[in-house]
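Chain naming follows the written order as A, B, C and D, and within any one chain the residues start at number 1.
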Amino acid sequence: MEILQSGMGELFQAPDVNAFREWNRKKPKGLVDKRMTAAEAVGRFIHDGDCIGTELYGTVRCPVSLVSEVVRQGKKDLRVAGQGVYELDLLLGASLVRTLDITYIGLEVYGVSNCLRREVESGRVKCTEWSNAGIAWRFKAAAMGVPFIPVRSMLGTDTLKYSAAKVIECPFTGNPMCLLPALILDVGLIHVHRADIYGNAQIDGISGFAAEMARASKTLILSTEEIVPTETIRQRPDRTIIPYYLVDAVVEAPFGSHPGEMCYVYRRDEPQIKEWVEASQTPETTRAYLDKYIYQVRDHVEYLERVGRQRLNALRYQ
Amino acid sequence: MQSQNANPGGYNPAELLICTAARLMPDNTTAFIGTGIPMLAASLAQKMHAPNLVAVFEFGGMGAILDKLPMAVGEENTFHRALAAAGILDTIEAAQRGFIEYGFLGGAQIDPYGNLNSTVIGAHDHPKVRLPGSGGANDVGSHCWQTIAIMRQDKQRFVEKVDFITTPGYLSGPGAREAAGLPPGTGPYRVVTNLAVMGYHPQSKRMMLLATQPGVSIEQVLENTGFELLVADTVEENPPPTDEELRLLREEVDKDKLYI
Amino acid sequence: MEILQSGMGELFQAPDVNAFREWNRKKPKGLVDKRMTAAEAVGRFIHDGDCIGTELYGTVRCPVSLVSEVVRQGKKDLRVAGQGVYELDLLLGASLVRTLDITYIGLEVYGVSNCLRREVESGRVKCTEWSNAGIAWRFKAAAMGVPFIPVRSMLGTDTLKYSAAKVIECPFTGNPMCLLPALILDVGLIHVHRADIYGNAQIDGISGFAAEMARASKTLILSTEEIVPTETIRQRPDRTIIPYYLVDAVVEAPFGSHPGEMCYVYRRDEPQIKEWVEASQTPETTRAYLDKYIYQVRDHVEYLERVGRQRLNALRYQ
Amino acid sequence: MQSQNANPGGYNPAELLICTAARLMPDNTTAFIGTGIPMLAASLAQKMHAPNLVAVFEFGGMGAILDKLPMAVGEENTFHRALAAAGILDTIEAAQRGFIEYGFLGGAQIDPYGNLNSTVIGAHDHPKVRLPGSGGANDVGSHCWQTIAIMRQDKQRFVEKVDFITTPGYLSGPGAREAAGLPPGTGPYRVVTNLAVMGYHPQSKRMMLLATQPGVSIEQVLENTGFELLVADTVEENPPPTDEELRLLREEVDKDKLYI
């Protein structure tokens, strides 16, 4: 069973599933009230240099209020995994990122990310490449508790060459297979439709890679549109996509994905996204945007007031 | 672009690309759809000849009825009255299992074998331009049976060698995909541009001009290609968008003028 | 990357993911009415010698009406995968099984399966061993479209020695890992709470390994408690656990899991299960039971009549 | 069994096993629960000292409130008002990831290292008795931090060498689990029988008598063990089931007399 190729990208986080097991064993299994403010959650659980990730993608169900708090507290040298539009752009715009397990960071219909360009082209941020499913599969491997997962993406390309994947000869079929190393996050940030005070969480619509990332995170901070009674969870246990024992903090955050969307609840705020697209073009205007929406507001409530209740309500599905 | 002036009815380059791509989508098949032109093309195809075209969106939406246009890959409209709303691994694994026939791709550069670059211009570790990266492109290009690239055509984009192979085309040529471990029988199918529609030579796997867009000459296509483009024995000229296509596109598909 | 150990059990079905892709490509992607009788579905899609599997387990949401039809039609030399209580016992009792990818076949609180004992101890049925999760993971590998999946079950045991798994040295951590070969079924049989005429299906409560097995089956026969309008599916697409394109036949079968249970709909029929436990002890009484409930009834409707409507209704949750 | 006569209040062997196992389940922890005695023990523990014992059932139920007893591993009562109802891979992968502290096991044979056989008596390919097979036992025994075996104790069941290692105990002794690739720090914790409670010697990993059941002597335990059983320096005698335990068990846990 030969190793045919090894990607030369740096592996920013070791797939140490045994250490992950030890960590998970120590997480509390009792039903503990985990509600706290974003300031407290980010302050307690995110450290400079941590390997973090966000879910979902493309301004859809993104943990914007949590990421804004990370920016506000200036957590730095972050090793960030994933794909992002607005939420990862904020971290890059604030120069808080040291490495990227990157698959896609851009502004979708509005083009490339200027923040990404500035940070990477200057050499401040180092990138290891993956595909979208590649990152999700890496979370899946960690969620399974195994150090790698075999896939048929990335084969034959520079994406693989600049990744930390390996190609082996399949011991059952003899064909080349790509093995992706598990990606265990120090901290995962996920925004959900509803959760109870213990962290049992439900999501409506597409699930993205929430199930996988939640299970791949040593520490998991949830923000939620609303807190619901545990009885709501117990009535429909098959809707629990994230069980409480994975969760370390539950932060109530209505409009927590704004200016992104939350399916069935509110649409995305196109003017504000365009405001960011414009602002992100230069460091100075980027800074001004961050001042306006993050540094100069105390918390998510103040942010929502700055945006304006009337404007927010207009985004709601009736 | 030339096409706008060449057509008395008047349509813009985006409308031309959308109509050209829509015609490539048969009914009762599955297609991975990305934001932008593929989305509009899929919606138009559903309203024209392919009511049972199954649109699959990477982050989980399958079989949506595309009444409204999404602005992002995971938006509610990607699973509006869909048959299933799952997660990214469910859709990509369906592709890995052979269930997805067509995939749509874009990129900053394409080479004669259909390899695509959406990662960097210049060297990876000292890039001139850092582009967004693979996203789902590599997955779509690895697993779908047939991929269709939609791009603007010029010598900067159609190059002999891409700076970075983000997404596999035929790699270095015949047999290379299979040797790399990619599923046999998969690969690039068409390239749709403002100037032409291209396919690939069945043996050499090199890009080959099949049809020009309305009012575009073969020479114009060759002049805007940075590598030796094969030319089919018979090169058709695509018919321009029909009145009905344009009406559906403007009045129903993109009635809020988000894209066109 | 060394192969440390190879299980000596026979691999009854090759993990040929490329052939599986070709098969899946040809499956119809249009919305086609797939309703048919169990007789038609089993007659058309199951052949002597096929590799088949059933879901769930332990008399819970089992495709009993479909399996009964397999027995009725005498499909033989079957290669059966999985775990079972009543439903696989029927196949063994009727001597229709040639090989077993076995994890557990028994009568739970009522002890060992006499049908299994007779068939295996006589040498008529050959077994390759796996764990419960092992079988589910093998389906998961097939569902992913990859030829194997790495796990940490089965290591160090005779379960592995008599399986067809392999142990390799992990190329990322150096630790031994068990690789399970993908299990691609010729035909999968699943009973669900509701489905539309195209095969879009929903399940309530625990999902067992329905998602994985459905995606690992070349041909998938669904039985369903009820047929619902497609609009019901479209209203809640996040409840679709089996999308239509996986499905080849939709068989309406209220009480399709009887004498097993269907969560939230009806309880299991303890007296009839005990009747089987008793009957299965000898070949003669086994045959008499099969006569009574399968061979001498034409179809599932006649079966339900023989059981008795009043008795069935008493099993319903009010 | 002796215990029934030894206790003036009167309890049967099943009740004794259930109460003994229940006392081993702490509050605020996770335990994989199988049908039968572990289920009753978990329900009793929830009503006694461990209201927040999180019962995990292999086929997907997590955190059920065990008001009613299931007769099968996937039954509705395994996810009755539960916190989550997922699938088998979700629960076993949670164990593989280190989230499940305790697992309960049974078997036809056990050896001094806690290896369990539930597959065959005799040779695999020509068995004297074909047993059901691993089921989830191998998974539970591989991934849970601590496993507790519940068995009837006699020389046919407690043997020097099991005919087939279905589920790993300490395999051939110290270090063998880790060498095989099983997660470090996992392994057999207790064996609960009608006669005794046993653990494992911290260095040699061989089974060791820790406590006898009420009215049972150390000699009786040794006589009913087919291998050399280590004996702890101090062997306690378990207190008999209390009136409250028996009342809860009879009036609430198994009020329909399904099991006891």
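Here, a contact is a pair of C-beta atoms (placed from the backbone, for glycine too) under 8 Å apart; a residue touches a chain by one contact, two chains touch by 3 or more.
Since we're looking at a predicted model, the values are computed, not measured.
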Ask   = Among the remaining chains, which ones contact both chain A and chain C?
value = B, D
Query = So which has more C-beta pairs touching, A-B or A-D?
reply = A-B
Key: Centroid spacing, where centroids are CA-atom means, of chain B and chain C in whole angstrom   = 40
Request  = Please report how many Å separate the Cα centroid of chain B from that of chain D, as a whole number.
outcome  = 58
Ask   = What is the distance in Å between the mean C-alpha positions of chain A and chain B?
value = 28
Ask   = Multi-chain contacts in chain A: which residues touch at least two other chains?
value = 17-18, 144-146, 151-152, 175, 177, 205-207, 237-238
Ask   = Which residues does chain D have that touch at least 2 chains other than itself?
value = 61, 79, 85-86, 89, 96, 143, 183
Note = Touching chain A in the complex, chain B uses residues 35-36, 57-61, 71-76, 78-79, 85-89, 92, 96, 115, 119, 124, 126-139, 142-143, 164-168, 171, 176-177, 179-183, 259
Remark   = Note: in the complex, chain C contacts chain A through residues 1-3, 15-18, 144-152, 166, 168, 170-173, 175, 177, 179, 181, 204-207, 237-238
Ask   = Mind pulling up the chain C residues that touch chain B in the complex?
value = 17-18, 20-25, 27-31, 142-146, 198, 200, 215, 230, 233-235, 237-238, 240, 243-245
Message = Can you tell me which positions in chain D touch chain A when the two form their complex?
response = 27-30, 52, 54, 61-63, 65, 79, 81-86, 89, 93-94, 96-99, 101, 143, 145, 183-185
Inquiry  = For the complex, give me every residue of chain A touching chain B.
reply    = 56-61, 83, 85, 102-106, 108-109, 112-113, 116-117, 120-121, 123, 127, 129-134, 136-137, 140, 151-159, 162, 167, 175-178, 205-212, 261, 263-264, 267-268, 270
